[in-house]
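The next part holds the structures, each set out as structure tokens.
Consider the two complexes below, in which chain A is the common component and chain B and chain C are the respective partners.
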Partner chain A sequence: MDNAIKNIIGRDISLSTLFEENRQTIEDSSSKVLNNLREQALEAFLKLGIPSNKVENYKYTNLQPYFSGDFSFSLNAPDFTGRMEDIFSCDVETLDSFTIFIVNGWYYSNNGSALLPEGVRVGSLAALAKEDPSFVEKYYGKNAPWLSDGLVALNTMFARDGFYIHIPKGVVVEKPIQVVNILLSEEPLMTNQRNLIVLEENSEARVLVCDHTLSSDRFVVNNVTEGFVAPNARLDYYNLQNQHNATTQVAGLYVDQKENSYVKTNNLTLHTGVGRNNIVLKLLGKHAEGHAYGLYLLDKNQHVDNFSFIDHAVPECFSDELFKGVLDDHATAAFTGKIMVRPDAQKTNAYQTNNNLLLTRDAKINSRPQLEIYADDVKCSHGATVGQLDEEAMFYLRSRGINKDEATILLMYAFAYEVIEKIKMDPLREQIRSLVEKRFRGELDKCHSCVVCGQKGTGNTSCL
Partner chain B sequence: MLSIKNLHAKIDDKEILRGVDLKVKPGEIHAIMGPNGSGKSTLASVLAGHEMFEVSEGEVLFNGKDILEMAPEDRAREGLFLSFQYPVEIPGVSMVNFLRTSLNEIRKYKGQEPISASDFLKLMREKKKLVDIDSKLTHRSVNEGFSGGEKKKNEIFQMVMLDPKLAILDETDSGLDIDALRIVANGVNNWKRPDNATILITHYQRLLEYIVPDYVHVLYRGRIVKTGGKELAQELEAKGYDWIKKEFEEQV
Partner chain C sequence: MTTEQDKILAEVTKGEYKYGFYTDIEIDALPKGLNEDVIREISRRKGEPEFMLEFRLKAYRHWLTMEAPKWPHLKLPEIDFQDIIYYAAPKSKPKLNSLDEVDPELKATFDKLGIPLEEQKQLAGVAVDAVMDSVSVKTTFKETLAEKGIIFCSISEAIREHPDLIKQYLGSVVPPNDNYFAALNSAVFSDGSFVFIPKGVRCPVELSTYFRINARDTGQFERTLIVAEDDSYVSYLEGCTAPMRDENQLHAAIVEIIALERAEVKYSTVQNWYPGDKNGKGGIYNFVTKRGLCKGDYSKISWTQVETGSAITWKYPSCVLMGDHSSGEFYSVALTNNYQQADTGTKMIHLGKNTKSLVVSKGISAGRSQNSYRGLVKVSKKAENARNFSQCDSLLLGDKCGAHTFPYLEINNNTAKIEHEATTSKIGEDQIFYCNQRGIDTETAVGLIVNGYVKEVINQLPMEFAVEAQKLLEISLEGSVG
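Now for the complex of A and B:
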């Protein structure tokens, strides 16, 4: 990371000034497609700033304190001298997938080009923006709210790289495409990663994004992923978050869905510091189906805020949401389920559930359904629950010789199970299942290895 | 095996057990009958260690050990088993995982190695036949969506899997059809050995035709007010509880 510009460390400088100081460097090495939006993004950011809890959509999480203070800034690609294999030894057999790495928001240059079906492209967004600018231009900034959300504006100002996935017409990619996001730094670091997922008509893909920290420094992560799912296409998107307590991550996923498309997102927060997930599915074509699921398992002072927005823009679409959380110690969480049914969107079906299990009196959850329905022929339901462990079930288990701790783990797992069950890929479900169990047992490694494929980290860093 | 002396228990300051005395020896089958609300399930729960009830007086020795201070799981590991009147549904906990965990916890307590996966499956297969429980049920979550009768059968299945020393069966017969009743009774009779014992809580003489008790007790207002042989059950079936209540009132 020799090239990382350590501008913020020890200096009192605003993010917008930082941008202006480095604008030349950023623009010189970026493609025009990405540069085109920077000026307007800056103007928007100057107006919006980092959202505090006074911003309606960020009511339950004031991000301002987390985005200030000393950290370095990943303005250029980290240049690794060693090989990835020296840092990771991936046992891909555990999960048969096509795997790529992103390091501090940058596409890792030595990612192999594994055997993907013909026409499928997976790679660096920065490189694509140079090689195929007209393709990127069609999608870049087309659905993420970079003029109205301060964080997306910030990302768009600084955006340099990230991954892209392009599945052409009619191609079905059976193997999951796994993106391993690695954070590795010797000092506090902020990243602004930008990703693009494009599925053309009748195509199908499963994408698994694993976020994890490989060193113990403080990280501030501001990711934006734009997705475009064409008619009859199908995207399964899983985001597994396993980061240490000194991480602040904002992960925005903004997806446009055309007719008969099917999108399923699953945000699995196994461990983090402060997390905010923005999940936005726009149902823009008839019979589009959007499923948004999530599981958050928190303890100590962790905080996760899931914000979902399902936009029923046209008639006869279907959406289903299920978010479940287990909160221990002083953990706090928030869930907002915004559903918009626009005036024309007759025969909409929209369902939403948020269930929470609080293990202590100090754990807190804010759950807020936000339904805006402007059509009359609509089936809509929402429900939120907050509960404790079922004492009768606890006694039943204990009366069979199972001790209190073990019974608690069984019941927490049972609670989480409904979300895990939504994972239709068998090997992945099994992986997640055992990870969740490990998490409840306190055996999850947050630092040294990739929990999905068992990669080993450097081992010379210590983690929280 | 079990010795209960002057057991008092209350919930929210309401005394429900008011001095229960009962002795059960190895090899014996005891039936406890009594009107609704007399405290039968409470007695079972207190013995199993439900923390909702507060024991205010008395002593319970199980194989010589004072169990009142023990956690419910330790009582189970000592060999006490309760078949619940209302078994709890636990969605998301698979029967297999539940039973294996349970069995291994009990084995660990006894200083035994965990059972191997293949031995466990063999044991399941064998015991499933004993109580004629459908494989579909054991592949589901604990009691989830089981019918009333299936839940009861599942309790007996757990009993034979865990092989306790003392089984307390709380109205295991209610909700069972005639065939299921026979199967459950056979399960209990086959399980019976000179070194284990059973307490049957029931309202019906019919179960006692299949599982013949050595003693029949009547629990009324939190106390055992009458004890007899199996003919006492027949008498109750014929005459109801009024005469017992009257006897009790006269005593008081």
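Now for the complex of A and C:
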């Protein structure tokens, strides 16, 4: 493999032109199954473009400015000598997991596949597309809306690598599978990582995706993850976002669920610049259960937009959503929860809640809990609240000698815990619990996870 | 149980529209179509001062640059605006001196509608302004009101006789370029009501307007303006009906309310335009912009609506809470049946300090109808201690209909307390079973349950209206239990 990182500098030209100019290079280094969709994706992108806030689904986040300007693309996997563990230590330190590392959207290494049960495949999507193209073809582009969402179209144009997880029939993976996404670059960088998760019948897996930035440059991340969960399978998907303020991340998760399947997603945003999470669960088989949870703790000028869409396409399914946010300083957040109950999807139960705490005058929240219901025998509810810390609770704590700062942290922590307790993996929950507590105490900065600059001390201005 | 319910549901949905008669009155109408000359002609016929013509033309020119909104959750057919008559007046004597002079046919129409136009006016204690095909026909009770300094007249009359008030307030809450249908209305509006309550006056009777579309191919564009000065109070009612016709008719109205210091305005609507037949043919397109401005401190505006008619309803009575401590309320029952579509809700814009708003919306969908709640609660940065509670429930009667909720919460101030709650459900079989068990048949049981479900809203209506609304709900629901 070519050792140099070849970059295409944006020169402020449109992304479609950029793609067309470098199409040959992209296609030559990729596989047929991925190349097959590029032409149509380009056509869709030319039509749709990067969504502005005129697009209803993106009303509260205008991504256009973040996707313009100069940035580079890495054409090849970045080349490091040395082990990942030397430059990076995980937030979730004591977690005994099978771990893979992704650098700038490219699969890098893992910590030993001997840890995985037989038949389970975890690795690079680019490699899989070469080795087992029929498998990739079966799933690639099958549920992400790459013809109707400009960002997914953009990803499909440029996509070359990412991770894949394939759990065969009946296999239960006890250990969590951890994916560490690292962004490390000396110039502004855009990545279009494409991931695939396939769970066959009766299988079970827990996936933890951690997003980190290790250098201070501007990053634009446009991830798409497609998930396929077969009957009776169970997927727990946790996404821990801890990135610096110059990051723009769009993370799309699109999951198809068959009968009796169970999917739980949990998006934990501890630190980011501008974030957008698209969580789409399609309940396509009876008795499928979808759970979408999220927690966003924001300060400074951070912005997070959680967009969820739960599609009840068939009868007798269940869904539950809970998103909670604490907004400090000038932080802004948006939440959209869309529940669709299709005609004849009778006996649907769907619940949705969004609670927000505003801590300062400048914090801002836009919430849209929506129901679209075409069947009558359903139980659906949604609720949204915006408020402050309960004065009575505060008084209670203060009257018992707890000082104001401590009481505030306690109450915020209690507020957030409702989402944390949904994590069913004990060590992970414990770790995240302490991370959130550190985050509230202001002890967690993004250097925490970075051995390199962590050693340089806090005087390092390259750490934003 | 289910089939039984379906049967009753089917029967109920067959309920006929009882206001579907047509009155044969000579009509003085302009030819179809819309252009600047038509607007000049409308203005000329109404003997309006120059500033009104300017107002209309400006709105019209702006309208030409706009596009019909695409965002509502409605299947909206293309409307040919050149195929509509924009001015149709009953041909009658220009000035009516007593009730005897009202065209007997016209009077018969209002009698059928049950409007207490004559002696009943005393009993009912209601002052009525009746608008038929765009022109205000008769205003009762005028003298009684005049004693208190209250002005209650048609808007055309107000334009002629109180131009200063009109100049000051018309378009101040809903500017002519506000939205597509508001611009159209501002250009061509023909009549409507004007209410002015002077300082410190509590209007002794409920003011009421009845709107009726009668002539074929006409659009009705009425305009209502209510100004309540400091410390005043008024309760205003509005009712609407239309004859049964195969083609769709357009109704695009504007209601503006201004409440000054400590004033309170209560606005109630029972909307029963012709909803179209069982197959979704015909019916009124009801595109209404209603907005109240709580301009003064401690002012209050309350909207109550019972929406049972119209093929398509697009309507968001809103409150702009500008004065400190002002409050806004919105109570709504929207019932859709057959092929009706409704996209309705409210906007509560909190600007002043310590403002409060309450939203209670009850949607009922039956048949193949689509019923959406769309609401915005916005708290601006300076609106300290804003408080909002919204509840929007949907009840589904049948498996072919849809109920949707699209709330928007935009909160820019951390002292705000905002709560939103919504549920969607059908009538529980256990509830029906409970009634059946006690000897109440299923249809009555459904009526009971629906009435219980909407009680919170109906309770807000003045007495006579509440009775009418309840009856209306029953009629509209006839045959739709399931």
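Here, the second predicted complex is superposed on the first by the 427 of 464 C-alpha atoms of A that agree within 3 Å, B and C clash if a C-alpha of one lies under 4 Å from a C-alpha of the other, contacts with A are read in each partner's own complex, and residues count from 1 in each chain.
Following the convention adopted for this analysis, contacts are C-beta pairs under 8 Å (C-beta built on N, C-alpha and C of every residue); 3 or more make two chains touch, one makes a residue touch a chain.
Just so it is clear, the structure is predicted and the values come from calculations on it, not from any experiment.
**Q** Please determine whether it is chain B or chain C that touches the greater number of chain A residues.
**A** It is C that touches the greater number of chain A residues.
**Q** So in the superposed three-chain picture, is A:L48 touching just chain B, just chain C, both, or none of them (first/second/both/neither)?
**A** A:L48: touches no partner chain.
**Q** Going by the contact rule set out at the top, does A:A414 touch chain B (first), chain C (second), both, or neither?
**A** first
**Q** For A:A246, using the defined touch cut-off, is the partner it touches chain B, chain C, both, or neither? Pick first, second, both or neither.
**A** Touch partners of A:A246: none, neither chain B nor chain C.
**Q** In the superposed arrangement, does A:V172 touch chain B (first), chain C (second), both or neither?
**A** neither
**Q** Using the touch definition from the top, say if A:D377 reaches chain B (first), chain C (second), both or neither.
**A** second
**Q** If you stack the two complexes on chain A, which partner ends up touching A:R398: first (chain B), second (chain C), both, or neither?
**A** A:R398 sits against chain B, while chain C stays out of touch.
**Q** Report the residues of chain A in contact with chain C in the complex, numbered from low to high.
**A** So the residues of chain A in touch with chain C come to 56, 343-344, 346, 356, 358-361, 363-388.
**Q** Using the touch definition up top, name the residues of chain B that touch chain A in the complex.
**A** 48-52, 71-73, 75-77, 81-82, 84, 87-88, 90-93, 97-98, 101-103, 105-106, 109, 141-142, 158, 162
**Q** Would you tell me which residues of chain C are touching chain A in their complex?
**A** Residue positions touching the partner: 71, 73, 381, 394, 396-426, 482.
**Q** Residue numbers of chain A touching chain B in their complex, please.
**A** 390-393, 395-404, 406-407, 410-411, 413-418
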